[in-house]
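Taking it in order: structure first as structure tokens, then the write-up.
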Amino acid sequence: MSRPELAGVAMWILGGSSVVAAWRVFRTDSMVRAAYWLLASFVAVGMVMVLLQARFLGLVLVLMMAGEMTIMAAFMVMFMMNPAGLNPMSMVHQHTTAKVAGVVAFAGLAFVGVAADFPDRPVDAASEPTAELGEELLGDSMLIFETAGVTLLATMIGAIAIAGKRGRFGNAQEGSAPPPVDPDAPAGPDARPSPMHGGHGGMHH
Amino acid sequence: MATDADRDVDGIDEDAVSWSDPLPAVLLVGAVLVAGAYATSVLDTAAAHLVAGRRLRLGELVLGPWREAALLAHMRRSTTERPDVQTWALAPALLAGMAAVAVATVPLAPGVAVADVADGIVLFGAAMALVMVGVYLHGWSSNSVFPLVGGYRFVALALSYEMPLALVLIAAALPAESLSVGAIVESQQGLWNVVRQPLGLPLFLVAGMGLASWGPLGMSDGTDLAGGTSAESSGGARLVWALARRFVLVAVAVTGAAVFLGGWHGPVLAGGLWMALKTLVLLAVLVGVGHRVARIRLERFVVVAWAVLIPLALIDVFVSGALVL
Amino acid sequence: MELQLLLVVSAALFGIGVYGALSQQTFVMIMMGIELMLNGAMLAAVALWAMSGAGAPKGQLLTVIVMTVMAVEAALGFALVIGIFRTRQADMTEMLEQLKG
Amino acid sequence: MGLLTSAASRAEVPVFPVVGAGGREAAEALWLLPGVRMVDTPRAAAVLVVIGRLTRALLQPVLLVHDQMPGPRATLWWPVDGRPADDGTDGDEGLLAALPDVVTTTAGDAAGLRAVFADLLAGRRPWGPPALADIESPRWRGVGPYGHGGEGMMGGVPYGRPFAEMAQDPDGLMLDQLPLQIGPLFPALPPGLVLHLGLQGDVIRGVTLGDNPYRSWPGDPPVGPLDSVPFLDARTSPTTVAALEVARARHHLRWLARTLRLHGLDARGRRIAALAGGLSATDRPAVEALARRLGRDRGLAGATAGVGVADQATLEPLGIELAGGPVARAAGVAIDARTDDPAYAGLDFEPVVHHGGDARARLRQRVAEAAQALALAERAGDAVRSPGPPVEGPRGPLAPGRTMPSSSLIHLLPTLLDGQEWGDAVTTVASLDLDLEEAAVDQSATAWPQTPTGTSTASTRTP
Amino acid sequence: MSVGPFGTALVVVLATGIAVLATRWLPRADGPPPTAPERIPFLGGGVPEVHAWSRFHIRYYAMALLFLAFDMEMVFMYPWAVVFAAEGAIALMEMLMFITILLLGILYAWREGALSWAS
């Protein structure tokens, strides 16, 4: 069995296993298993990418997703009851519409995938994809590279501001203090008018 | 579709015993891991006796690890009330597999490159990220309090050391102009990276110690958690977990030797011998520090890792980058 | 032939992601559905890059940007989940239906 | 299988020690025995060594720990200076008989231990049968869709245990809190310490002390002997100052050895334990060098700095601030019973004081006191101390009619441990150097024997 | 039959994993199956009242979110490292800018106390 056939068979197996893993994600009761079935699906997709000569992307996907899925598992266990699936876990709503939407999405995309004839321009095997990506990042798409950086900075600041308990403008539950009417009054958590309405509100009553 | 000429894309010629054939590769990597784990245990016992000032009998030193392994293999495999059996068995296998792939990416001797892929250090990074998954699963699976706390501690530790670990390897890849570990070893022909990038090796060893949860960064299996993630594993499961952790330590030592100590470069001895020597030196350093420095408080290490280690690693990257120009 | 296979697989991943995102009640499971959709999209992008895009670097860049989107989405998603859980003890969408005055 | 078992039988014996009443001294020796390895969890142990007298309250935990040992297991009992095996007053066979086939050997006998272990692995000795009956609460079998005892998503007793209840935490999140009883035999805590605590994630919420397992009820043999026996005798019979001070230094070094083992430094702890074993006044330079090295040890300093701060305000309500003792002196209280003891008048004795009151200050305090004690022992020569004034024990002053230091120190735990991370809590408890037996003396109906030579003249004592 | 470096790496991983899993069926002196008390988790002699699996409060969630965003920095740095020598000083400048932007995020997190664990 020569290399290309082996690669073809491997692609079938990996593609199939990523779909089965994705299906298992919503079928298991245990949250940690759900997160790691999703990781298995990502690892299978990563290996398919490696087979498609996009070696760097496949490996980096696995690197990223291992960390992300562990954090996802930790968050799920933190917030959801019955985290280990000891009781049957089926928290679903609008089930039929979801199934229909899923099948329609699959059918539509699969039809496009099969019916359309895409030009047959395979990537030449001797190319250095990682180096090309590097030149691309530093050359034409340098702007995208830097905006990605700024986006990540915004994400960091936003995530910490939202998730944090004690912000500079008072604790998360106490609701943020609206700006005082006269500008020279001291702003911030200590300038707390009478219990206000709206805003987070939730924890006050 | 793909061209059917059976051209070997990565340019490794088919010599007599090509180490990249599956069977010899598995045997070689297995041999390196088991020998490394044995050497780690022997060094650990020797360091313990040295620091404790106890008399060291050679027979006990050489046969000690084998006897302890035989004892654990002989003991029965007990379990807890409602564990997650599959993930409990998967965790050590995942750790051992990732340590194996990390060793496979490293060229162990001039011609011997098991799986020297073009993106070697990215594969090492991916493998080490999955090590975190393995240890967390090992803590989670036994449905017992202390392993769970040990598992969560390791996730915090892993999220802190992963950045410096990867950045330091990137710094080593700059002069080599390639992410392949073989190319990095080639680039250290005259000048080893430990000299060219002094910050590299210490940061790598700190992150590596956290990875194998060894010594001062031994958060996942600490004595204050009655054994941490392995508090409930017994018999064969305990043996396999101890082996897997030593395999990860060996993977760290082998990669450190290749990336920072010039790999198989060396004046007189054969390449493979240099590689073994350097790995043993790094293992001795890792084990020695484990017996000298107390376990660090995790909350302090997280702040130090993010506020000190990452900036240091970035300085290391940019300084070595500037040097390459 | 392989391109069709890969596009069908990515369509399947996308379909399961849509099903998951719409059917699940808890926020984190909805995020897993979204991640699956992005996973399908990324597989399709790489398949087309490799098979009919002649390895254009922009194809790889698109995949890296999709990865960035996944990271940003996950980070902000979890931040919102924590924020909501802290103020409302709600980890399911149902609990948020009535906006308290 | 012959090769495997023959190699296994020559391995170091994995031992899980159970410290019964009076067994503290022998447990120190167990750590240093050749060919023996102390393990942190019974899952890794092959031999369960019960040292000293098995009290009534220790029986159930010991049976459970015995059953948690996996494979080939044996139980060994090390009697302590001829004391009765256990509280066995109910019927003829004692409590120890509840443990399957116990082997009795003399304390500290490594050969006997290895012989039992070799028989065990060679098959000449059968594995210890389970001590507790194999009864499983059937109430959950067959209930619920999987037959797992749960109904719906939150209810029921899936697989025999309910889920934890939720509790508010200062971080503003309502999350589960596990109600736990960390039993008397947890290796990282002092032997016999029982803590009922809520664990939310890895943070302790709300600690209450369990009852003391070493407490002896009317009709039981008295508590003890305690590891502070030389100081207890010094109150009634004249003893040389040098003997007292060397005993104090040995006590502090043994504490230091156990604490280093908890911080992951088993080898360094073993070296100090060996030094403490054969300690004499001539070891003063070695101990002073050790004190300097520990002062510079940044790793240990980092692990203990700011952990478990017990300043004068927290000590005061428990009377520790008035009494003195290393914990108080580490918080800046310069009270030491030896200052107004005539025997120490000529030795220009100055109480060592540290500030901060955290685990690091206590560590430095005890090591400095050990070095100072040896210096005093050298200077004192063979001066004899006459009984009368209160004796400064290694944990605090010892005087008749006054509570033992440990029983007031132990009440620090609920205030110190609340809100602490588990690792810090273990460091804090270790830094207080608690001895549950010493605390049991105040609660016991009968006191420890006045004279150490075994002729127990039990004198009643109001608890 | 050479399957290329990645094929070999995959074979090595699977072989090691299967070897570790296979140790479960090694011949060993197996006693009777563990009884109910033998399966009780170890709490130092105490019996647990609830399952250990519960909503575990990870107090470092802010640092986890920071990790998610900062992890992407590595993805951009790998290709940069490959072409760095060829591109010269401009590459150094660009990556320096990218990194300072992200270090601002860490600085913010440090000042906001996101790195120190929630109480």
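All chains are identified by letter, namely A, B, C, D and E, in their written order; residue positions are counted from 1 within each chain.
Everything below uses one rule, namely that a residue touches a chain if its C-beta (ideal position, glycine included) is under 8 Å from a C-beta of that chain, and two chains touch if they have at least 3 such contacts.
Just so you know, these numbers come straight off a predicted model, no measurement behind them.
The chain with its Cα centre farthest from the Cα centre of subunit D is C. If each chain is reduced to the average of its C-alpha atoms, the one that sits nearest the average of all protein C-alpha atoms is E.
Each of D-E and B-D has its own count of C-beta contacts, and the greater count is at B-D. Remark: subunit C and subunit E have CA centroids separated by 21 Å (rounded to whole angstrom).
The mean-CA centres of subunit B and subunit E are about 13 angstrom from one another, to the nearest whole unit. One inter-chain figure worth recording: subunit C and subunit D are separated by 53 Å, centre to centre, where each centre is the mean of the chain's CA atoms.
Note on chain placement: the centre of subunit A and the centre of subunit D lie 49 Å apart, centres being C-alpha means. Under the contact definition stated at the top, the residues of subunit D that touch 2 or more other chains are 4-5, 41, 43, 68, 70-72, 158-159, 161, 163, 171-173, 175, 178, 180, 186-187, 201-202, 421. Looking at subunit A, one finds that residues 3, 55-56, 60, 63-64, 67-68, 71, 74-75, 78-81, 84, 86, 91, 120, 122, 128, 130, 133, 135, 137, 148, 152, 155-156, 159-160, 163, 165, 172-173 touch two or more other chains.
Residue positions of subunit C touching 2 or more other chains: 2, 51, 64, 67-68, 71-72, 74-75, 78-79, 82, 85-86. For subunit E in complex with subunit C, the touching residues are 61, 64-65, 68-69, 71-72, 75-76. If you check the complex, the residues on subunit C that touch subunit D are 82, 85-86, 89. By the touch criterion stated above, subunit A contacts subunit D in their complex at residues 78, 81-82, 86-91, 165, 171-173.
Residues 2-20, 22-29, 31-33, 35-36, 39, 42-44, 46-55, 57-58, 60-61, 63-65, 67-68, 70-72, 74-76, 78-83, 85-88, 91-94, 100-101 of subunit C are the ones touching subunit A in the complex. Chain contact summary for the complex, subunit B toward subunit E: residues 8-10, 12, 14, 18, 20-22, 25-26, 29-30, 33, 73-82, 89-90, 92-94, 96-101, 104-105, 113-117, 119, 121-123, 125, 140, 142-148, 152, 155-156, 159-160, 162-163, 166-167, 170, 173-175, 177-179, 226, 231-232, 235-236, 239-240, 243-244, 299, 302-303, 306-307, 310-311, 314, 317-318, 321-322, 324-325.
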